[in-house]
Every structure is written in structure tokens, then in C-alpha cells.
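Down below are the structures I want you to see.
Two complexes, one shared chain (chain A), two partners (chain B, chain C).
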Partner chain A sequence: MDTESAYSGYSYYSGRSRGSHRHGERSRDRHKSRSKESSRSEKSVTINAPPAEPLLGDQSVRGEEVQDDNWGETTTAVTGTSEHSLSQEDIVRISKDLDDSVGLDCKRYLNVALSVILGLVVFLTPLAFLILPHLLWPDRLRACGTACEGLFISVAFKLLILLLAVWALFFRPPRAGLPRIFVFRALLATLVLLFVLSYWLFYGVRILDSQDEDYQGIVQYAVSLVDALLFIHYLAIVLLELRQLQPFFSLCVTRSTDGATQHYNLGQLSIQRAAVVILENYYKDFPVHNPALLAASKSRAAKHLAGLKVYNVDGPGENNAAAGIAQSQSRAMIAAAARRRDSSHNELYYEEAEHERRVRKRRARLVVAVEEAFTHIRRMQEEEQKKAPGDVMDPREAAQAIFPSMARALQKYLRTTRQQHLHSMESIQQHLAFSITNNMTPKAFLESYLTTGPTLQYGKDRWLARQWTLISEASVTSGLKDGSVFLLKCIDFSLVVTTKKIPYIQLAEEFIDPKSHKFMLRLQSETSV
Partner chain B sequence: MDGDVEYEEITLERGNSGLGFSIAGGTDNPHIGDDPSIFITKIIAGGAAAQDGRLRYSNTPGKSVLCLISGCPDDHKDTSQSLNGLINIIYLINKLRKRYFA
Partner chain C sequence: MSFIPGQPVSAVVQRIEIHKLWDGDNLILGFSIGGGIDQDPSQNPFSEDKADKGIYVTRVSKGGPAEVAGLRLGDKIMQVNGWDMTMVTHDQARKKLTKKNEDVVRLLVTRRSLEDAVRQSMMQH
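== the complex of A and B ==
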């Protein structure tokens, strides 16, 4: 890793003076030719290249054609590293796609089918109660009076309300597929089923068998069923939605690769539901996972014990002393490594200082280049639109027109901050067109490149980990408790979640009379003698 | 010497700009809480007290309280007048009160 950075540093320094000189020349040429025709031919052969290729791939092609000094930059091992990581992500993506298509879907469909059947049964039961007497013994049925017909209206409207309420609460697209059943929903479904069955039992025995003639009583029975169903729906709202609104636990989520931490306040949820909430918030709160930034510490760690070798001077011992020898060997290595005067902290300090300086310099160049690029286009006014339809461009063409002047600076900056695999040229141009359309300033356009945003900000294909594994010692349907720890693992990293209970807050009251605020001047208290 | 107080006797010669320190305190204007003693609050750089070096800046209970030979005064005006009136040599006793631990 050291040699790599040294090599690229050398080529950067040697190429820089020539490159900037040439860049200046080229920009002057571009300014001249801009008035005549669009500058797409100048230096931007790659703009018409296929859009899905990442920026770095294009740059290597460009480097061969245009500049010699750029050759050094584009063919160092840095290029190789990013290509490797890209291809690994591709493999991951392919395997993930395979996994997605099988298995989970039938569980989801089974759930949907069961709930639809239950809903139909529940909905049709009161109607069946009302219609069956008319079908089975219509002649013996006593005529329905006014009050009874009023109850028909009430049944109809209550059923309508129940239908709307069930649609609102239950028929939403599912957010996630949980590993175990959702306990509250299962309980409620069982309760509803038992309830409806008991009503049917009663109806069957007392009304169908005896062929009761009192139709008003039957209608009232059906109304009571619908009322009770509405109350069960109320219970469902309280159990599924309201109970976890009040915050009860504070969860601390740490990413294992780089230590990014967030805290969330959640109510009394089961572990799997808490995991879903955390993952939904993960995509918007955590900065995107960048494996390129972790390579440096790994190489440092490898160097720590690299130079030490342990020799067993006493000769081969017996078998039962082998474990003791191994232990003493490792202890000896640790002690020797601790005592060794290594200067890796020195290297780290200077490397970080140098990197910081380089990033800041490239950032300054980038900001200037983008500001200058944005001054080359302006929005056309209404009147001009009618008069001169000559050199008019839509946002995408305008973006393509000014992109070349900032492309190099932007790409260098992305490479220095190791973000180049997150942005493809197509996405940068799209973002540029978007910024131009919405009248954003250059600073607003640059914001998504200067700071690493959350994973949501990057394209959908960057959301590599949609398959998460929940690792927990306690059962995942059990509720959160103070001190419970669980892991959310995806392929590249894992999120470690610890729970703490929010303490009971005892608020006391103190009343201060507004008239009691009185002040006085201090007398000249010091005297010099 | 009392059990928990120390007296340090300092003799100062009046310089060009007076004795070179400021006092604060007194019964009508207590400097710290409800302690009516006179405290030394500032030592003017280059003055007679600074050059002597033994007089110390006091701002917390338990540090230097000013006492004269006639006793520890608790009236600001009288003390300042008497200190200003003295011409040449002044005997000051710097009373160090040790903190009381309850």
C-alpha cells in the first residue's frame, strides 16, 4: 500500500505541472470554439460512450488518447483496486438476485392468501346471518318492522366502516419479510377466527336448528357481531400501532467496519420489528459503506506482527507441552511487538496530514472549476425563446456541454477521496442536468460529491445489501429488554445493536415569583492603598 | 497562634504610588458571603507590596485576611483611611485562616 501511494504521488507531481499547463491551453481553445459550435468534440470523446460505464473506466480510455502524463495516474494499482472491488460487488449482486427470487415469495403469498380468506369469511358472516332465514324458512318468518329495517342500515354502514378500516390497517404493502411470525397479528387472527366460529356455533344451534321466527332478534344478533368486530379492530390498532409509539428503549447501532453510530428511540417492540425499524433508518442515517477506506488500516495491522518470528531454542518438547509452547510463543510475540520501537504512528500521522492536504487542494480546484463551468450557461428568458431558436439546449444537452470543463477536477477529487466507484459518469451528468433545471448553485451541485451521504443518495444499484440476517441470542419474537444485544449482518459488514432502557424521569416543580427578581448595584468595594 | 489561623507579619515601606495593593470587604459590604473581614484583592504590579512579595492575593475564604496590629478591622472606610494616612512604615499582619472542615 505504501509503494502504491508513493508511485501515484510521484506521477501526480511530475504530471501536474505539465497537465495544468495543458489544461490551461485547452480551456482557452475551448473558449474560442464555444461560440461557434458546441464543445462536444473537444477533449470529450468519452461523453458519447455508453452511459453505464463507471467513470474510471472511461478515464483510462481517455488517458491513452489524450495525455501522456495521465498515463501514470491511470495505470497505477489504484485503478486495479477499484476494479477489483467493483467486480466483487457484481458477484455479490448476482448471488443476491438469485437468492431473492426463491423462497421468501411463497411465504409472503401464503400470508396474503390466508388473510384474504379470513377477511372474506368475517365480512360475509353478518350478511349470511341476515340472508339465511329468508332462504330457509321464509314463510314462517315474522315481518320485519321499522326498527328492524333501521338496523339494516346500521349493519350496512358498520360493515362499510369495517371494510375501510381493515383496508387502511392491514392492506398496506408489507415493508419487510420477518423471519418468524408476527406474534400480535397471529394472535389477532386467531381471536377473530374463534370469535366468528363461536357466533356461527350459536347461530347454528339456536337459530338454524330451531328455526326461530323472530327476525328482529336475528338482525340484532348480526348487528352485535359487527359491533364486536369493530371493537376487535380497535384492539388491533392499539396492539399493532399505538403501543410502540411511546419511546421506551434507546438503541445504539454501530457499524462494525468503521464505527459509525446512531441512536434511535423505540417503543416496546419485538426484536424482529425493532430490526426492521433500524434497517429502514439505516439507509437514510448512515454514511454509505465505502470499503476502499478500510484498506489502509488492514495493511497497517498486517505490518505490526510481520517482522517477528519465534524460534524454539529448547528443541521439540513433548506433546502435552505443545499447547503451552504455543501460548508462550504468542505471548512472547505480543511482548516483543509491544517493546519494539516501531514508528508506524509516525507514518500514520504524516500520511494523514499529507492526504488531508491533498484532498483540500483538489477540493479547491474542483470548486473553482465547477463555479467557472456554471457561468458558461444561463437560463433563457421567455422573450428570447420566441426570438432565437438557434442555439437552444435542453437541460441534458446543457449538462453535457459544461461537463468536460469540470470532469477532470471532479474525477481527481473523487479518486483522492476514494469515492470514484460510487458515481458513474452518467449519474454525474444526470445530477448536473437536475441541478441546472432546478436553479441550484454550484455549491448545491457539489454537495453530494464533497460529503459522503447516506446510502439512499446513491443509485438503487448501490443498495447492495437488501438481504439481512438477524443474529440474536434471545428469541427474535421476544420483546426488547434492557441490555439485549443483537446483530444485523449483511455480506460486507454488520450492525451491532445494544439496547438501553430510557430511565424514568421524575420531574419536580419549582415556582419563582417574577416579582422576586431584584438587583442592586455593588458599591465600589475596592480601594487602593 | 490560634489552632487554625496563622499570622504572618509583614512590614512595608510606602512607595511612590502608595502601598501597592487594594482591599475589599467590611461589614456593610461583605466581599465573600457574610464574612466581614477585610480581604486583599489586588496587588499592583511594581508596587511596594509586590516587591515585598509576601502579601498574597486573596479571594476565597481561608486565604489572606488583612489584620493590623490593633486587631482585624471590619470597617472598610476606617481601614482605608488609616492605611492611607500612614506615611512610611506600616506593620501589617497577614492572617491566614485555615479552612474549617465540618
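== the complex of A and C ==
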């Protein structure tokens, strides 16, 4: 019983893929869920804590899927495309996860190592400038007066400020891994390197070789280096952070599968950086991608194509005529399809009305069931806690206690709106415990099930954060331009991004004297004479 | 009867003489006027040009002196006893019509049908 609940407790989508492979019919899915329901209704009598670890289920599912591949070849019935492609994606996803966790991190480590070395060199240079004369020719050095010692303090504090500023700007965990180098950072690193090298060159030639005795001059030289480094840091802030804050382009992002669209205003960025910003916003703005909702339009399209067949009565033609025949065949099909009186629009209309009605009915039942379930538990007051505790439960146990009374209604609703693969039983119970702890009303608890939220709301396995590919005609390090188009591809869908320049707004001023607001009545009088 | 502000107006007019009637204490003419330069000309149902701010006859009481004299609904009054009615306020028009010491008012009125009749008769020649 418990192991069975572990399987049903893991994400419904893998459960569905198993079911479809084994039996090859879509209706089997419903059989499976019905068996889950019956097991759950039995559970309403004896309340057992279901095991929390999905890892067990993970390995076994993976094992199942290796076996399922052979099963898929021996079934005779062909399943609907959506279920089949889901299980394929599972395999691809898991193999990609294995790949990514091992390789391609050396690029990132190389970057970090180089920047740390550069930082150390830059930081230690002024100190070296100050210390080397004392080490190499201490006897010939003129004593350092008060002004000179004041400069020591200034060097110390400026170095401290530089250290803090570099830590604030550069030592942040990276948001994303970009395909090409980050051009501005590379330019800045080169600039800093050249700058420090030129300072060393000057120092080496004019001071070390000639063994200058003017220590104050040397200290001032070191101070000028630190000042210049602070200014380069200012340049880094402007180039890396401030320049793209002013909005310049408006990007329109459309998801290819269902057309969900959002608009973002961005500044002047390179295409790869713009892609990162868009993806960060994708996870919070776009409703989660649900392949189950696309099955209906695919089946309609399949019906259109399957309606007509073209037969070549004249027998196999020659090669150069074959292309002409194929073209005329397709044109004939299109013409015939246009002329055919087909009532699929009628079907769509009634189907959608029926679906709407069913969803609303199930939603009403669900809301009532949840409200009733929430009345069964009560938060214990402080005084009662001190008295002898009778049947005291922590939030998790309380959630498990009231979950069976609403489980059936919730599951039916999720199945009708095709969301059942997004929520596992474990996640629902966790959310219920969370709602109870934070004094949420039943409506607040239901909010995440009644409306499809953004992708961030669901578990991490939905995020697919490592599998985005940037496809662009222009080079990805070049800046955004008006009319540039690029694609962000994921396994299941792609995001099409078009750029438009925000128009230059010419604002004119007009002054209206407040005393000039005067009004008159409109009269239409009629007098009899 | 086109009305261009600032240009002299030419119209075919009809002379109408109305004899006032004693109604109790008042002398009445038996019609109502609307319009005037202080009124809203776009509300006028009788004018062809909705910018025309002249005085129009809006009601003619049945059997009254105005109807007897030949005044019709929708006529534009151009002159009353020699006083101009094309550029007056509503109240000034009323005053010119209801002078207590006058028994008779001689109006010059114009209407569309007059113009048409004149044009037709000219075409016949």
C-alpha cells in the first residue's frame, strides 16, 4: 500500500507516461487515476503518513522507462502524440541533467581564476610601489615628512574603498552562463591591465633604475595610481550597471506553443544579456507551459489532414515530372479542403462551451469541499497548550488529517483543467500545511490551483533552467537594434523575441491662463408674442 | 437664403401685416419666435444654415392674427416695422414686436418656398 502511494505520490506526469506505454490507450490514464482515487478513499478511513522521499520513485521510474522503450515497440495501438513526447522528454531531460552537472564548468573557473589574479596584482601594486624603495635603497631615501605620512593614510583608505567597491560590484554570484564573453568586462579587464602595466613600466624605468631618493614623490605616484583605479571603477559602474538602466528598446516576447505574450522595456544591451533578462522575467510572468492543453488543436489539425487522400491514377511518372505532380497534388488537396463543408468549427464551439461548464461545476464542488475541510481544524490557543494536550497535531499532521476530504474534488478539478501533472500529492499536502500555518483562508489555499501561475511557482524540475539555447542571426555580443529578432529555444517550445525602438518623444508645453476658463449658457428660448 | 457672416444678405421677402388682438390686458400677435444673436443657432429646426442666428417663427397659434395675416411656421423675420431682425438679441426682437402703442406690425419675412417660386418663374421665361 505504501509503495503504491510512493508511485502515485511522484509527479503524475511520469505516472501517465508509464501507463500510456504499458497499455497504449489514453483511457488507461483514467483507469489509473481511478485506482489512485479508490486507494485514497480507502485512506480516508485509516490515515497513514505517505513517505516523503521522491528519490525512491525517481530511480524506479527511470528503471521503468528503460524497460518501457521495449514495450513501446511491441504495442500495436498508437497513443496520442502528447503522452508519447512527454516520456521522451523525460529521458532527454534526465540525460541532459547528467551531462550538465559534470562538464563545462572549467570555463567558469578559468574566468574566476583570471579575475582573482588580476585583482590581486592590481591591489598589491600600490603597496609594492611604497615598499620597494625601503627594501632596495633604504639608506639613500630621504626621510618621510608629515605631508608624506598623511599620504599614507590616504592611500590606505582609498585602497580600502576600492576593495569594498570591487567586492560589491564584481564578487556577486553569477546570474547566468553566457555563450560568448561579456564584452564590457573583457574590455575593462584589458584596460586595467594596460594601465597597471604602464605604471609599472614607468616605475621600473624612472624610479627603480635611477634609485630616486624623493620618497614623497614616490608616495604621491602611488596615490595617483589608486586614484586612477577608483576612476576606472567608476567607469566600470557606468558601463556595466548604469548604461542599460535607461529604457531604449521595447521587446515583445511570444511563446511559440500557445502565444502568451509579454512586453519588456530594456536599455542598450547586447543580445545575450537581453536574453538573460528576458529569461529571468519569463519565469515570473509567463504562465507555466502546459503541453496537455495543446493536444486538442493538434487532434483537430490531424483530422483536417486525414480527411483527404490523393491517388496518382496514371502510374509512376518520371523523375522530373514527379516534382510537378507533387506540387499539383498539394494544390489539389488545399483546394479540396477549402471546398469541403466541414463542421469542425461547430464542434469546437460546443466542445468549449461544454468544457467551460464542466470546469465551473467542478470548481464549485472543490471550493465547497475545501471550505468544509478547513472548518474541521482549529488553531490551539496559548492557554490550551499549557493544559493537558489531547489530540494535538503539528501543521503537517493537521494537513494530512483534512486532506482526504478534499482530495477527490481537487483531483477531479485538476484533471478537468489538465493540471494534474503539475501537482503531486506531496506538494499539495505541503501547500496545505503551509496554508494552515500561516492562517490562510480556503480561498487563499486554492488560489494556486484555480489559476495557472508562473513557472517559478512549481517545482524545480519544471524550470529547465539549464536548457535554453539562443538562436540569433546577428552576433550575440552585438547590441540590440530596432527590428532584431532572436529565438530562445527550450525542449518543448521557443520564445520569439522581436525588438522595437521606443519612439523619441517630443514634448511641447502649453500654458493656459487659469483666468481664461469662462463659460456661457446655451440658450434656446422661445417667446410668444 | 445663404448666410455668410459679414456679407450682405439678399433674400426674397414677403410683406405681412399683422393686426394685434386684444387678449384681456395684452396685445397679442399669435405666434412665437426663437433665435437671436445671443442664442444657440444649432438648435434651430427651421434654418437651412445652422449658423444662422436670425429670428424664426417657431409656432403659429391657430386662428390667431398671425395665421390670418399669412405668417407660416418656420419663417425668418427680416424686419419688423423697419427695424432689422437679422442681428438682434432675442429680447430686443421681442421688444420690437410687443410695443404697446403699436396696433399693427409690418413684417418682412422670408422662406424657402418664396425663393423656389421666384426661381421657377424666372426659369419659365
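Methods note: the second predicted complex is superposed on the first by the 416 of 529 C-alpha atoms of A that agree within 3 Å, B and C clash if a C-alpha of one lies under 4 Å from a C-alpha of the other, contacts with A are read in each partner's own complex, and residues count from 1 in each chain.
Basically, contacts are C-beta pairs under 8 Å (C-beta built on N, C-alpha and C of every residue); 3 or more make two chains touch, one makes a residue touch a chain.
Please read these numbers as outputs of a predicted model, since none were measured by experiment.
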### Task
Please indicate which partner A:S343 is in contact with in the superposed arrangement: first for chain B, second for chain C, both, or neither.
neither
### Query
Counting only touches as set out at the top, which of chain B and chain C does A:N439 meet: first, second, both, neither?
neither
### Query
Should A:Q506 be classified as contacting the first partner (chain B), the second (chain C), both, or neither?
neither
### Message
According to the stated criteria, A:S528 is in contact with first (chain B), second (chain C), both, or neither; which is it?
### Response
both
### Those residues of chain A which chain B touches in one complex and chain C touches in the other
522-523, 525-529
### Message
Quick check on the complex: what are the chain A residues that touch chain C?
### Response
522-529
### Message
Which stretch or stretches of chain C touch chain A in the complex?
### Response
28-29, 31-34, 38-40, 43-44, 58-59, 61, 90, 94, 97-98
#### Entry: In the complex, chain B residues that touch chain A
18-19, 21-25, 28-29, 31, 41-42, 44, 76, 80, 83-84
### Query
Mind pulling up the chain A residues that touch chain B in the complex?
522-523, 525-529
